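One structure below.
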Amino acid sequence: MQTSRKIEVSNKNLQHDEDMSTISPFRDTMRRLRKNRLAITGFIIILVFILIAIFAPLLTSSGIDDQVLSNRLQPPSAEHWFGTDDLGRDIFTRIAYGARISLLVGFFAVTGALIFGTFLGIIAGYYGRWIDMLISRIFDILLAFPSILLAIAIVAILGQSLQNALIAIAIVNIPIFGRLVRSKVISLREEEFVLAAKAQGMKNGRIIFHHVLPNSTAPIIVQATLGFGTAILEAAALGFLGLGATSPTPEWGKMLSDARDFIQLAPWTLIFPGISIMLVVLGFNLMGDGLRDALDPKMKN
Amino acid sequence: MSTQTEAPILKVNRLKKYFDVNGGIFGRKIGEIKAVDDVSFSVNKGEILGIVGESGCGKSTTGKAILRLIEPTEGEILFEGEDISKVSDEKMRQLRRDMQIIFQDPYASLNPRHTVEKIISEPLLVHGMNDAKKRKERVKELLEIVGLRKDHASRYPHQFSGGQRQRIGIARALANHPKLIICDEPVSALDVSVQSQILNLMKDLREKFQLTYIFIAHDLSVVKHISDRIGVMYLGRLVELAPNDQLYENPKHPYTQALLSAVPTTDPDIKRDRIILEGDVPSPENPPTGCAFHTRCPMAMDICKEVRPSLQKVDEEHNVACHLYQDE
Amino acid sequence: MLAYTMRRLVMLIPVLFGMTIITFAIIYLIPGNPAQTILGESATEQNIRDMEEALGLNEPIYIQYGEYVKGLVQGDLGSSLRTRASISSEIGPRLAATAELTFFAMIFAIVIGVNAGILSAWKQNSWFDFLAMAIALIGVSMPVFWLALMEQWVFAQELGWLPSNGRQDSRNPIDAITHFYVLDSILHMDWGHLKTVLKHLILPSIALGTIPMAIIARMTRSSMLEVMNSDYIRTIRAKGSGQFLVIYKHALKNASIPVLTVIGLQTGVLLGGAILTETIFAWPGIGRYVYDAISYRDYPVIQSGILVIAFLFVIINLVVDLIYAYIDPRIKY
Amino acid sequence: MKKLFPFFIFMLIGLLILAACGGDNGSSEEQDPDDDSSEEQDTDTDDDTTGDTDGGEKVLVFARGGDSESLDFGSTTDGESSRVTKQIYESLLEFDKESFDLKAGLAHDWEVSDDGLTYTFYLEEGVKFHDGTDFNAEAVKINFERWADPEHEFSFKDDGYVYSMYGTMFGGYKGDDGHVIDEIIVEDEHTIVFQLNTPLGFFLQNMGMSYFAITSPAALEEYGPEINENPVGTGPFKFVSWTRDEAIVLEKFDDYWKDGLPVVDRVIFEVIPENAARLIALRSGDIDIMDGLNPDDAQGVEDDPDLTLYTRAANNFGYLGFQTEKEPMDNKLVRQAINHAIDREAIADALYAGYAIPAVNPLPPGYLGYNDEVESFEYNLDLARELLEEAGYADGFEIELWTMPVARPYMPDPETVAEIVRNNLAQIGIEATIHREEWAPYLEKVENGEQEMFMLGWSGTNGDPDYFLGSLLHTSGIGGSNNTFFSHPEVDELLDAAKIAVDQDERADLYMQAQAIIRDEAPMVVLVHSTPVLAASNRVQNYVPHPSTSESLAEVDIVE
């Protein structure tokens, strides 16, 4: 038959690049990511902070609240690498333990925002109509507030604590993920393979989780990585404003706000927490940029 | 060819699909596009019904509305005697086992993140084949049926050519032994050389599995060889419906005549004057009154501007909607 | 265009409505009795009851919300728990202070950002490009408040070049007309004041403008690179002499869209950052107003401050969108 | 768009020039504290207002951390408000420069009847309000009735005015049971009589408070509830302008009744929230006096040849309170144990760099009846553990330590104090977890006694011991300011007797007895009395900080 002959021809073409036969989109991305030097730098920075956070007890012998009042505001030395604060506590220790807080805040805030944002985004995008209307309006309203301001409002209602700051940051980020997912879902909903899935007789749940979501991961991952950085910045800002972590938690923003009075006397109390915040955020930004280039070159703008 | 004796497998009665147009300050509905406007036809078991028309005439919408991939605005869709236009979503989902679709774009209709195996086995899974081994077997079987190799199963769509992808799409449609397949311009995105392979494959499959096709195309030449009957659509309406040979030999509607005159013939003896239609297709948002075709019809009469012609039988099995042939 | 504008305005209504609900919730949902907050630790029970009555706290919630919205519509934002002064009248000069700071921050961001972006693209892969983009990357990762503190430490304290706080020399205050002090000193033809006012603006503007500057620089660079690879520019480049200025002009035209986008997106960041910057530089703007209110738990001020900033943000975004639609014909409306 | 490019370049160049000339100017400021004259040389050629204001005028810039709440002194308890109103208004009596000893104010003489129920004040003649109206006995009567009577036409109750300090000091308002002022009688133009229904030991002390100064009745009539933004008094300075969060400007009142005062022509109260920033401004000569010096910076100020360090006498104390009705704080031994475990010296050093006095009594030293003989609780962990064991808590216990969310004068950094306390308690086996509340619920809950251990403090206003001991430790204060729920019949008796006694020596003796009992009962850990530090430029002369935080600036001079 004419058809079978033709197939053989095209099979030959395929055999030609047989080694590519198992390349999945995931591996392809990893390969591109490895080539991106900035992304690697970002990854290393984050890795270093993760290691510091995990091994904080091994890196330093003192605790976060070991006050030696006779040892106040000592400049950096061999004993206290980053100096001591106004209660004579070792700043390096506090920064190392503070890495745990910042990373966890970033993680939980982003995860929370991701879960709720994705959920709402899917509902709005997939079902459309009045529910889309409603969810989109709520997103509009939340986005009408500059994020730090909305976070302030939420903490004002919930009361000051690290946990509430975390909740506030998560809420503030929900519409960002929600909108992203919604627009992605809407564009995917029109795709033929989603229509095909429906035509196959698949249930909505299966279509969403097997067809729509996996194809929206690229922008979500990028946004989550960048969101990590923003969440850490926002937590620090809330801490600085006295609306986040409480003493003696060594949250970096809180450390900065506690140290403000000593800017003339002991600048190191301000320099090191600030640099730590900057480096972690830089790490996530670099990695986010790298992921964006690797996952979805079209998203560049 | 025609098997009139049995009851039709599918009967479409006065199907309509209007899309709302929103605008204005409050984003209210300010108009509607009549993509499918009062279309009726039936398809017999084992038959291939071709539907032809220019792009935007509503033929794809008709196909998708039959499967309720787009919810029809009005009308009845009787599948094996049951009106499926109003059944519950769950019931519809199960009915889709029997009614399948092959899409136009083989690049867009396959999930890029799934392997061929997953693509083809998914419909099996959702319709109750829970045994993974059985599914694997069936996938291999299907791949061979559509002329692909078993080991293609582990690959991703982007590693295939357009023709091969369409074969995957066909295999997926066949997976659950459907009774009716709507082929939505399945070859129009393919190279001409590949088109005939796919068409031949589909023909073979029909015979092998006693399938019924609704074959949608924008080009009369594609459906000529495969269809038993052909319907011609213009601006959301069916203007002519006739058996294959009658339509090609004796087209009644001026629009059909014009379409046909554009088809290059392989037979040098038959010579047709090419009829060139003037003007553009009118906007479906604001279709002309009366016969929608009258603005471009070389034979338009006064009545055409006023009265909409209905699809009427002019010959046995030959129906046309045109005042030239209306009795009264 | 008019219809589009109208539609955008109508779409604003539910958003504004939602905003009032959120800000109203601040007062309603906070734990504790505002009357107690005002009166402090030495208040008697009778004092507190009197205060509650004076504040209307004993009404049911829908009446309180109704009163709140009614007040808003009439331009009445309530009064501060701490000073009892009418917030509407207190907020005006502060808004001017914030607007002035934000404006200069944006000017700084645009001037430096656009130029750095263009030069980076022009000298792609040079040391300048590398340095500028490194600074831009660090710039977006920097906590605003930390940058502000570092500036204050280095330029005000260690070097003593610039004033560390406030808007003007308090020994010799300006006679405010518009409360935009730069404008006021120009209106007074008072160049001495103008100089001090501008000097006070430098550090806070840089602190506030750094993040948008970094973003603008990066966006300008990438859109410039796109333009520079176009045939048109290639031709000009091939011609040689005098090309730089030509490209500069051409590039600016193309950079306007991303810059406008950034302005729209970054106003929120700017207004949010104003809280932190103003606090550190003792800038008597609306951000510091809110911050002070936070430390005194002066909820009506927090409420109104947030509402006013959000309102401003929404309006700026609307205006940017409209300009965007106006200058970019590709946008459908 | 074409015009954008030149615009950008122009702005860029402009900014660079500004930065550059800003630099030049700044460094000259650094060397020469007299910035004004150099500023003037720069701008001399321009005809502007700079010359007029700077010419021969003496301007004093006083910088502080927060703005005033209101310039109606009676309706606020805010120290930043009375600091300013002290310059604008005067009371019938005045406190001495550095203490709460009384001297003549608007009243040059006064008499007290033997039963302590009738007070007669003889007012200065020829005193004018800033608006030109005359000060007289009628004005005094109107002011006092305004505070006492919520129905008074100038009470402005509907505008949210509450005169809580009046209620506290005079036992309530008109019609209340405890209200001590029965009647105010205008004898003649310059003689006024206060008729009390019960003796009040600190009545005269109250009359010296800046919270009971005299406002022009004409101004009350004119401005109504806006009197808080338009103060009109008899003081040395009159009000000019108030830019919120920036500055309050006052100028010399030419018709001031004391000859030769005030010395300076203008006083500007500037707001610079950050302590560190305020010091930078002082060093650069932008301001003359700064309140709220960070104690850690005090050494630097002392070493600076251009600056002078001032300290304010102690007038407050911060404490760690126990809810004495709740377990385990109902046990006296536990309370004493904790008293021995808290390192007051360390707190004074850490928080105040030594500019604080470890407290012994719940009353600042220097007050009438301060008991020097009371023995302080020694910081002794062994003793503390012993007491704890004796009380039956050898293994310690777990407890919540409530800490306030806002800084107060008596506790500038409550969180840090809480941390130190927590650390101290851990050493004797008491595991404290720090609990936070918003300020309002914190006060409410502490007043209701919901906690076991909490932090709070108290600041003096009229310089009388009753304001401390009576408010904090009398049974009648439970549910109000007595948050330890301390109730001791003997102490109550002593305090009651002292309150109505008119003889000050007798009162002193009663208060001393009370302090001895309180020490033994230990309802609270009195932590420290802070002695706030201030810094001023050497150009400032005759400045004397008052313990009440508001001092008159009438005699202050600026010398070049």
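Things worth noting here:
Letters A, B, C and D name the chains as they come in the text, with residue numbers starting at 1 for each one.
Assume contacts are C-beta pairs under 8 Å (C-beta built on N, C-alpha and C of every residue); 3 or more make two chains touch, one makes a residue touch a chain.
Small disclaimer: the values here were computed from a predicted structure and weren't measured.
Counted as hops between touching chains, the shortest connection from subunit B to subunit D is 2.
The interface with the greater count of contacting C-beta pairs, when A-B is set against C-D, is C-D.
The mean-CA centres of subunit A and subunit B are about 47 angstrom from one another, to the nearest whole unit.
Averaging C-alpha coordinates per chain places the centre of subunit C 36 Å away from that of subunit D. Here the CA centre of subunit B is 57 Å from the CA centre of subunit C. We define each chain's centre as the mean of its Cα atoms; on that basis subunit A and subunit C are separated by 25 Å. In subunit C, the residues that reach two or more other chains under the touch definition are 30-31, 152, 157, 279, 295. The residues of subunit D that reach two or more other chains are 274, 280, 405, 437-438, listed in rising order. Multi-chain contact residues of subunit B (touching two or more other chains): none found.
Taken together, the subunit D residues at the contact with subunit A in this complex read 274-276, 279-280, 294, 296-297, 300, 346, 349-350, 405, 415-416, 418-420, 423, 434, 436-438. Those residues of subunit A lying in contact with subunit B across their complex are 1-4, 6-7, 10-11, 13-14, 20-25, 191-193, 195-203, 206, 210-211, 214-215. Taken together, the subunit A residues at the contact with subunit C in this complex read 137-138, 140-141, 144-150, 152-153, 156-157, 159, 229, 233, 236-237, 240-243, 253, 256, 260, 263-264, 267, 270-271, 273-274, 277-279, 281-282, 285-286, 300-301. Subunit A contributes residues 65, 67, 69, 72-73, 86-88, 159-161, 246-248, 258, 260-265 to its touches with subunit D in the complex. The touching residues of subunit C, counted against subunit D in their complex, run 30-34, 36-37, 39-47, 50-51, 54-55, 79, 82-85, 90, 93-94, 107-108, 110-112, 114-115, 152, 156-157, 159-167, 169-173, 175-176, 188-193, 195-196, 198-199, 202, 248-249, 252-253, 256, 279-282, 284, 288-289, 292, 295-297.
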